[in-house]
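Each of the two complexes below includes chain A, the first together with chain B, the second together with chain C.
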Partner chain A sequence: MALLEVSGLIAGYGAITAVKGIDLAVEEGEIVTLIGSNGAGKSTTLRAVSGIIRPRAGTVTFGGRRLERMAPHRIVQLGMSHVPEGRGIFHRLSVYENLLMGAYQRKDRDLDSDLQRVYELFPRLKERLGQPGGTLSGGEQQMLAIGRALMARPRLLLLDEPSMGLSPLLVETIFATITSIRDQGATVLLVEQNALMALEIADRAYVLESGQVTLKGTGEELGRDDSVRRAYLGEE
Partner chain B sequence: MPLVDAPHLALSVGFWSDQFVNGLTTGSLYALIALGYTMVYGVLKMINFSHGEVFMLGSFAGYGILTAMGGNDISGVMVAVTILVALIGAMAVSAGTAAVVERIAYRPLRNAPRLAPLISAIGVSIFLQYLVLDQTDARAKFYPDIFPRGDFAAGPFDITYIQTFLIASSLAMMVFLYVIIQRTRMGRAIRAVAENPANASLMGVDVNRTIVMVFVLGAAMAGVAGVLHGLFFQTIRGSMGFLPGIKAFTAAVLGGIGSIPGAVAGGYALGFAETVGRELLNELPGVDLGNQWRDVIAFSLLVTILVFRPTGIFAERATSRA
Partner chain C sequence: MNPIRQLGDTTVGRLPAAARWPLFLALVAMLPFLLSGVWIQMLFFVGLFIVLGLGLNVVVGFAGLLDLGYVAFFAAGAYSLGIMTSPGSPFDLNMNFWLVLPLGVLIAASFGVLLGLPVLPLRGDYLAIVTLGFGEIIRLFLVNREDVTAGSQGLSAIARPGIGSFRIETFTHWFYFILVAAVIVGFIASRLRDSRIGRAWEAIREDEDVAAAMGVNKVKYKLMAFAIGASVGGLGGVLYASFIGFINPAAFSLQVSIDVIAVVIIGGMGSTPGVILGSLVLVGFPRILQFKATADFLSKFEWLRDGLNGIIAAADTVVPGSIGRLPAASEWGRELSDDTRFIIFGALLVAIMVLRPEGLVPSRRRQLEFESDDQPVPAGGAA
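Then we have the complex of A and B:
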């Protein structure tokens, strides 16, 4: 059984049904990416998986446990970290406190090595530990969001557009980081607008359109697919 | 300042320092109670209008404990012991009440229109007040007169032992709360929930439990204020929560509701406005404001603030730049 299995998932907001019955699976150790145009339902899928919104139907299974009715903080305790769209930085907490919040649910209090790892990945954060999260630039907030998620030592990391608003150089860093997170044993479900790079690092990928999966395959296969190249990689 | 009668001012140092100490005393009580309003508002954006009754219940709990432990016969070291027990018991009763009220009267309404929890709070407030009025036959109770009498001079200030105790223990509670909020894991969770509950839950924070903790901490402060109020004024009654409650709310608004330092600053500002401020007004020719004018001053301040500066006079700029 896959680490994360989503089956027949339906989710939405009020009268809107944004996700209309999707199936997807993420195996332990994989990077799986979800691509699709604006409003396709990618973020909604992640929200339904991490418990921020309740699925209307379908099942979500993580490490053998059913999540559909579980409170989000319990899901975090099972080892899932969700970096939401818009980063979710606590503006009034300091950078350091934001990092500590990432480790909030951890039983062990031995955070030093994890903090060191975050500082190594993003030296910028180390210079700004005492300042309020809200005073960071957009890119710095994105680094903080990812660093904070790492502080949880998650089994499964859900990333919603981690490259949004970053300079090309930093985008490279972020994608390299995602790969190294996976190499260190975590599993990643990645939502991206930057389909080219996402497909490059992904083991497998799903294409979402209007709340449904229209294509799936390995990263490589979808990277070669004509319809994908036209729709998401900006080719004529 | 239009103080025509300046020589009189200069001559009565003792009078003004007394007013200053009185301001500190009432200000301490307002500040302690105001913390509960501001913290609940910080996480739920709701005015917890039953908070004054939580203060009243704390006062009665302290009264019950002091009476049960010997009342006026308590003496010697036992005075300190019983007062400590009364403070702890009052905190527990107030905190327990607030936790139950949150669970049954507020949580079910969390996603309802904003007027609903407000009305529910007023209902709880009336319920608790009449419950105690009924149990006491609407009669006043009197705190045992066990606190050592007397005063001492500190510079120009003449300060009684009970005032010293009241001010010192209030400040101690505020420092205690500050440390919890700023320095502990639970405090970080509270601040995270106040800023964004959904994001806090993504960090693994149990939002419901954190909200209960906010009620419990605020109520514990009010419980201490209840006992201190009883020890200082001695008379307590079922309706005693209303006025201090609404004034502490005024203090919280004054300081910028949602802000913890603001509630403390607002509490003392209001305490001084009612005491020193009233006497300063009395220095104006032809003005003679009796003691009841304290309330007029407090509520004039509330209305003025709400009209001209609803974010409070000490409101900190939001640190966010988003």
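Then we have the complex of A and C:
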């Protein structure tokens, strides 16, 4: 059984149904990416999986547990961390306090090794520990958001548009980090508009259009698929 | 921005404050030796609104839940004491002050949870409107349920605290009593702010969804903020009712909620020194204007009034009788502190929102927020 299994997921906001019956699975140790244009329902899918919004229908199973009716703070306890779109840095809390927030649900208070790991992945954060989160640059905020999520020691990391608003060089860095996070044992579900980069590091990928999965396959396959290249990689 | 910030940071830069606060409190504690009756009475009310402001600050400043019905908890505390100790109470319990004090706080806290539960899913403006209604519901309850609250005739001869044979009676006694209460509430509030709980509130204030995604139990921490804020409101109500000795529903109007929130906002949301300054300006100053000493002082300006009235009289010749004349100079203070006060309050609030949106004495965190919003501090090279 896959670590995360989503089936028949329907979700949305008010009168809008953004996700119209999605099936997907993420195996332990994979990087899986959801690509698609604006409004395809990628972020909504992530938000429904992590419990920030309640699915209207369908099932979400994580490590054998059903999540559809579970409060988000309980889902975190099961080992799922969500790095939201726009990073969600707490501007008035220091970098250090932001990292502590990531470990909020943990019962043990032994955070040193986790902090060390985050500092190794993102040395820049260590230099800025006392600085308020709001004063970081966009790239540093993205590093903080990912580092903060890792503080929860997640089995599954949900990343929503980590490349948004970053310079190409920084995007490379972030994606390299995502790969090394996976190599260290976490599973990653990645939502991206930067399809090229996402497909490069992903084991498998799903293409979303208007709230439905229209294509799926390995990252390599989809990277070679003509319709994908036309639609999302900007090729004629 | 202070460059010397270190790990954890919440206590950094506040070490000098460890010496500042005791010094400030020692000075305040000497005031009764320097000032006379009405001044001490005025300071009691300043202290009362500091207590209330600190309590509301937990809800509004820390957790970001805009509560416009804070008077409800103030009333819950005051009426707890009134109903349980006044000889005129419909229940005729005649209980002891010290027994009712924790009860009143507890009852107010449960009112906080009572309000908190239905408004949990509400944010921003919607929350504000519902809390506003809640305050009004409580006032109407006080007026209409005469079998519980004695209605508009009110409750009198409310119990005063004593320790052994010593009674807390004079303005000076009450001054020290409210001072101790304010110190305890201020201490607890600041410890809460810098704790795990405080960080959860801060996270909820900034972004509820992200807070939940961090594992913060929104329901628990929001209710906690409401309950703590409400219990402080209840404490203020108990102290007020005992000090004043008589309460009726008129004392628990929307105006109290507005005064407390104005104290919090003008001083600087989330900031303890801000609450103190806000209370001095909004509660202390209007009372000073009403003092006889102020009237005596202003009576020296009769010449100014004559002069101004002369100018007005000249202007008035255009349409005779259309412009009134200034009252006697000695009355100016009282005039200003009466209805005119609301115009000045309003103008002050607008001015502060425009000129100093973070408040007179901003909290460290809020100051950072405004700085980082207006002029992002370059963080060196990235992105």
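The definition used in the following text is that the second predicted complex is superposed on the first by the 236 of 236 C-alpha atoms of A that agree within 3 Å, B and C clash if a C-alpha of one lies under 4 Å from a C-alpha of the other, contacts with A are read in each partner's own complex, and residues count from 1 in each chain.
In this section, a residue touches a chain if its C-beta (ideal position, glycine included) is under 8 Å from a C-beta of that chain, and two chains touch if they have at least 3 such contacts.
Since the structure is predicted, the reported quantities are computational estimates derived from the model, not experimental observations.
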Fit or clash between chain C and chain B when superposed on chain A: clash
Which superposed partner A:G102 touches (first chain B, second chain C, both, neither): both
When both partners are placed on the shared chain, which of chain B and chain C touches more of chain A: C
First (chain B), second (chain C), both or neither touched by A:S50: both
Touched partner set for A:L129, first chain B, second chain C, both or neither: second
Touching partner for A:L166 - first (chain B), second (chain C), both, neither: second
Contacts of A:G139 with chain B and chain C, given as first, second, both or neither: second
Overlapping contact positions on chain A, where the chain C interface meets the chain B interface: 50-52, 71-73, 76-77, 81-82, 84, 88, 90-93, 97, 100-102, 104-105, 132, 134-135, 148, 152
Touch list for chain A against partner chain B, complex: 50-52, 71-73, 76-77, 81-82, 84, 88, 90-93, 97, 100-102, 104-105, 132, 134-135, 148, 152
In the complex, chain A residues that touch chain C: 47, 50-52, 71-73, 76-77, 81-82, 84, 88, 90-94, 96-97, 100-102, 104-106, 124, 128-132, 134-140, 148, 152, 165-167, 170
Residue numbers on chain B that touch chain A, as the complex places them: 185, 188-189, 191-192, 195-196, 198-207, 318-322
Interface residues, chain C side, partner chain A - complex: 1, 5-10, 12, 196, 199-200, 202-203, 206-207, 209-219, 365-366, 368-369, 371-373, 376-383
